[in-house]
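One chain, chain A, links the two complexes that follow: it is found with chain B in the first and with chain C in the second.
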Partner chain A sequence: MEQISAAIAAAVMPGTLLAMLVGTVFGVIVGALPGLGSVLAITIALPFTFGMDTVPAIALVLAIYCSSVYGGSISAILINTPGTPQSAATMLDGFPMTKQGKVDYAIGWATTASVFGGIFSTVILIIMAPQLARFALRFNSIETFALISLSLTCIAGVSRGTILKGVIAGLVGIFLATVGTDPMTGTVRFDFGVFELTGGFKLIPAVVGLFAFGEVFSRVSKRHDASQQVDMNVGFRVAPLREWLLRWKTLVRSAVIGTFVGILPGTGASTASFIAYSETKRAGRFKEKLGTGEPEGLIASETSNNAVTGGALVPTLALGIPGDAVTAVMMSALIIQGIQPGVRLFEDNPETMNAAFVALIICNIMLFAVGALLAPLITRVLRIPEPILLALVMILSVVGSYGVSGAVFDVFVSLFFGVGAFLFRLCGVPIAPIVIGLVLGPIFEESLRQGLLITDGDFLAFFDPREHVIAFVLMLLTVAIIAFSTWREIGAAMRKKKEAT
Partner chain B sequence: MSKGFQDCAFSVSMIVIGAWLWWEAIQPRYQTSAAQDYGFSPTFLPRILIGMWIVISLILLIRSFGLWSRRVSGSEWKTLGLFVALVFAYVGLMTQIGFLFSSIPFAICAMWFMGFRRALPVALIATAFPLAVWYGFVFILKIPLPYSPWFSQI
Partner chain C sequence: MRKFKVSIGMAACLCLGIAMAVSAPLAAAKADYPDKHVTVIVAWGAGGGTDLLTRAIQPILSKNLGADIVVKNLPGAAGTIGTAQAARAKPDGYTVLIGPAGPVTTQPHLRDIPYDLDSFDPVGRIAINVMVTMSTKESKYKTLNDIIEGAKANPNTIRCASSGAGTLPHIAILALNKAAGIQLKHLPYKGSSNAVKALLGGEADVFSDQAQIIPRYDLHAIASWSAERLPDYPNVPTMKELGYDFQIANWNGMFVPRGTPETVIDTLTTALEKTLADKAVLDEMAKLKVDISYLDPQAFKTFAEGDYVRNRELLKEAGLVK
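Showing the complex of A and B:
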């Protein structure tokens, strides 16, 4: 009890609160700018932590981490361009809600879901960080392969009515993820002599191209129809409690998925959001409406990607293993403060870590307040006439693509993907499966190849229930979803044919 | 444009691209020794993916023959072509004269092109927005943007 009150006292010091407020506002803004992400936001703030005390410095970094993940959802909802790759799944229902004039509700759902996800995973982090970290170590490449295969089934979900085209788009996405250096042999693949392609396609320029450029090209190619303009409710509005109660299972399920995926090293928030979305598509209350502006899709994506923040800190703090680039940068912030993450962290620095956990909860609460205050200002952007908005989106997207690595080549990559996305849309091919493939492709390939190494090239051994019971269950679920989606698609096609005759 | 033509054009394009990538995937430069790749070549997964997309594209092609009577809305190719050319010109120009000096004329042209032609607001927005983005990135976020040969940071 004494430790808890000391932790709360350290976390609510004026200096710490100010650091969290500045970090939250900064994180939301940087996260909302397409192309910039959590890593960049934390890296920019890192030099400021040198002269700060330990707790405010950690609080600043944690606030930026949580808020930058959330910030990505704002641009995903407003302009169909995710500020960060973690919010790619948010676009699937967020932007359709904006098109329906419900941007205030969309931001409200996203903010509240993000806060819930963040707090949920923090509580899990506080209660069982060491135990979870040890369990995560048992999750090897075969289980990861099965998990990713399961989440790839959401391609079928986002391609209702055009499943063949959706599957082709998904395959294209995974293929594009294989461009560049092979992770096992170091051989450069499909670079066609272009040096910049040896590292593969970067996710941000690709996503910016597919959605922002694709959307602008698509709008330019169609005659402007004033009747299609909808009244836009700008601002911030939280849906009534009964609406939340209808979707509480998705909220909890997505928070659990996000926390668990966050614990697994090398997966990350983008993967978590697509897994949660896929799971909602399978088991959600409003699963039939997903992809058309259904809040359940927003909840799935935003709860899970923010739940990753707490989950990812489990191996980082308890084992000293950073799961991704963001946690690696965060780990360096801790080391700068003289704190060495690892198995002895909680024993060596109990006061600091308890204060950090309290700060993480406060950061998430602050996130709600900042989101609610900033949303009315940010959403007003939608009242700008479309030609101005599209021109500004183009400039911002160009800067976003360029800012990833300071290379004009990335802007051309965005243009290439933008033109490709427009042509795909023209042929009635859904774009979301390409992004799903691009996000999950690298982990899919790596886990498959590593799994084949473990089983000496025997793919069927992946599903031996005696050796890999988790993988067996996950693959069974995957096969069932594929069979169900195919059966449903054939049924729909036959019904359509019957109606026509 | 008919739905059948749309599907047919898409599937034929995907088959042609798939065949080209397959040919690339079987090139000798991707043949590594078993000691290096443990029995699975670097193009092992890409070949599976390409093979699958060719097979599905063939199914789509066959299915498209029954959909020639269904109509779908078309696009204004000329308008789009001109706009894409404008964007390419903008990015090309950006490498030569920098972000700020290329973004201002691009914003003016893009707004005018999309039908917003009120001179004063166009001029103000086209100047203020790139200026704000440039200032924010270069001086606040410390992310350098392409600059002109005439000034060190502009």
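Showing the complex of A and C:
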């Protein structure tokens, strides 16, 4: 009890609260700008933490982390362009809601869902970090391979109706992910003599191209009709409680998925949001309406990607093993403060860590307030005439893709992906599976080849239930999902045929 | 005739003009360097080891050099993208590279890269971090002998993690293979923290990396690849004591593109040496658990070339040299 009150006292110091407020506002804005993701947001703030006290410094970084993941949803909802790759699944229902003029509700759903996901995972982090960290260590290459196989079935979830085109798009993504250095041997593949490609395509310029440029190109290609503009309810509105109660299962399920995926190093928030979305498509209450502006889809994506924040901190803090680039930068912020993440972290710095946990909860609450205050301002963007809005998106996207690593080459990568995405959209091919392929492809390949090294090339040994029980269960699930969706597709096709005759 | 005279006059003027144009900036560079900000390229993302080190010396180096310092992170392809950019930069001392051993002493052997170690002039070594071979506290491989005996009995079964093909942990595996005449199984992972995770999760048996990770992950140190025992680990034997005379360490040094005027290099060297003796810098480095170890340009050149040649031999024997 005494510890808790001491931690709260340390976290609610005026300096710490100010750091969190600044961090939250900054994170939301950076997250909302296409291309400027969480890593960049924390990196910008890193030098400022050098001169700060320990608790405010950690609070600042945590606030930026949570709010930048949330911020990506705003642009996904408003202009069909995710601010960060983590929010790619948010567009699927967020933008249709905007088109129906319900942008105020959409932002309300997304904000509340994000806050719920963030707090849920923080509580899990506080209660069971050491136990979960031990569990994460049981996820070796073969288990990771099985989990990624399962995650790849999301492609079916986000492209129902055009499943063949979805699978093609997913494969295109996986192939694009093989460009660059071979993870096992260091040989370079498919670089076509372009030195900059030896590192492969970076995710952020690719996502900016696929969504931001793709969206601008396809809007420009359509005849602009001012009379068709929907009357926008700008602002921020939270749906009534009874609407939430109808969808509580998705809220909890997505929070659990997000936390779980976050705990496993090397996966990340984009994976979590796609898994949660396709789970909702399979088991949600309003699954038939998903993709047409159904809040349940927003809940799935936003709850899960913010739930990753608490989950991803489990291995980062308790093991000292960051799962992705974002948590790696956060770990540096701790090391700069003289705190060594790892097995002894909680023993060595109990006060600091307790204060950090309290700060994490306050950050999430603050996120709601900042979201509610900023939304009426930001949603006004939709009242900007479309030609000017599109020009602004182009400028921000170029800056965003250049900003990742300050290389002009990345801007060309974005343009290349943008033109590709435009052509794909013309043919009715969904874009989200390309991102799934790009995100999961490298982990898929790496874990498969590591597993094969370990079993001396014996692929069947992956599914030996005596050795790899987790992998066995995950592979069974994968097979079941593939069989189920194939059967359903065939069934639908048969019914259609019957109706026609 | 008259025409000819004119053209001689013009040619003379032109020559003079060219000479002035060429020499003016050179003279200016000598006298006034630095008269604007200096960009330090870090070929890794913000928050990585090299980045933290660079940012820790940045304010003091800036003071000693008398110019603002801008740190530019250019990550990608195992540090080769940023390093290539630094090699291409104008050799005027306004673009400087701070980087570790990998991009300049191993990567050029592995594939076609638009630079090599001799594309740079060394300014000075900054820090050195000795490699330590380690296992977990529960591992059955507690000594070097355990590993060698085990590998002799069952070749290609002891799993050695590395942070990628051609990285220093991989070089350590190759060196041990060669020195002891054994065959260890190489498991490459993406980055050091994934390799450590494999070690902790039991997928890998042995991993070699910098000593600073031992306390963080509560690991068991088997041997250090240094000339003498490490002060923090007096009970851990060196490879040399065990009969294998190999020294492997990761280091960070400062380089400029080749052809940079000597006076400019001198200015940078003086500023760097002064910076590395500064108390504030030393304190910061102690926090980051980095061992400062300055070498002047000549000694650093010899040292880096030694690493370059040794790594080439090891990678060649493993069939990895292009």
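As a convention for this text, the second predicted complex is superposed on the first by the 492 of 501 C-alpha atoms of A that agree within 3 Å, B and C clash if a C-alpha of one lies under 4 Å from a C-alpha of the other, contacts with A are read in each partner's own complex, and residues count from 1 in each chain.
As a convention for this text, a residue touches a chain if its C-beta (ideal position, glycine included) is under 8 Å from a C-beta of that chain, and two chains touch if they have at least 3 such contacts.
Since this is a predicted model, take the numbers as computed values, not measurements.
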Report task. Answer with first, second, both or neither: which of chain B and chain C does A:Phe217 touch in the superposed model? Result -> first
**Prompt:** Between chain B (first) and chain C (second), which does A:Ala407 come into contact with in this model arrangement: first, second, both, or neither?
**Reply:** second
Considering only the touch criterion stated at the top, classify A:Phe175 as touching first (chain B), second (chain C), both, or neither.
first
(Q) Between chain B and chain C, whom does A:Leu453 touch in the aligned arrangement: first, second, both, or neither? (A) both
Look at A:Leu396 in the shared chain and tell me whether it touches chain B only, chain C only, both, or neither; answer first, second, both or neither. first
So, does A:Met184 touch the first partner chain B, the second partner chain C, both, or neither? both
Answer with first, second, both or neither: which of chain B and chain C does A:Gln3 touch in the superposed model?
neither
* Examine A:Gln131 and indicate which partner it touches, taking first as chain B and second as chain C; both and neither are also allowed. => neither
So the chain A residues that chain B and chain C both touch are 182, 184-185, 187, 406, 453
Chain B partner, complex, touching residues on chain A are 30, 36, 40, 44, 164-165, 167-168, 171-172, 174-175, 178, 182, 184-185, 187, 189-190, 192, 213, 217, 220-224, 385-388, 390-392, 394-396, 398-399, 402-403, 406, 408, 411-412, 415, 419, 422, 424, 426-429, 445, 448-449, 452-453, 457
Listed in rising order, chain B residues that touch chain A in their complex are 3, 6-7, 9-10, 14, 21, 24-25, 29-30, 32, 36-40, 42-46, 49-50, 52-53, 56-57, 59-60, 63, 72-73, 75-77, 79-80, 83-84, 87-88, 90-91, 94-95, 99, 103, 106-107, 110-111, 113-116, 121, 125-126, 129-130, 133, 137, 141-146
Touching chain A in the complex, chain C uses residues 45-48, 51-52, 55, 72-78, 80-81, 84, 110-114, 159, 164-166, 185, 187-190, 193-194, 196-198, 200-203, 215-218, 287-288, 320
Interface with chain C, chain A side, in the complex: residues 39, 42-43, 46-47, 50, 137-141, 180-188, 195-196, 198-200, 202, 265-266, 315, 319-322, 325, 328-329, 331-333, 335-336, 338, 340-344, 405-407, 446, 450, 453-454
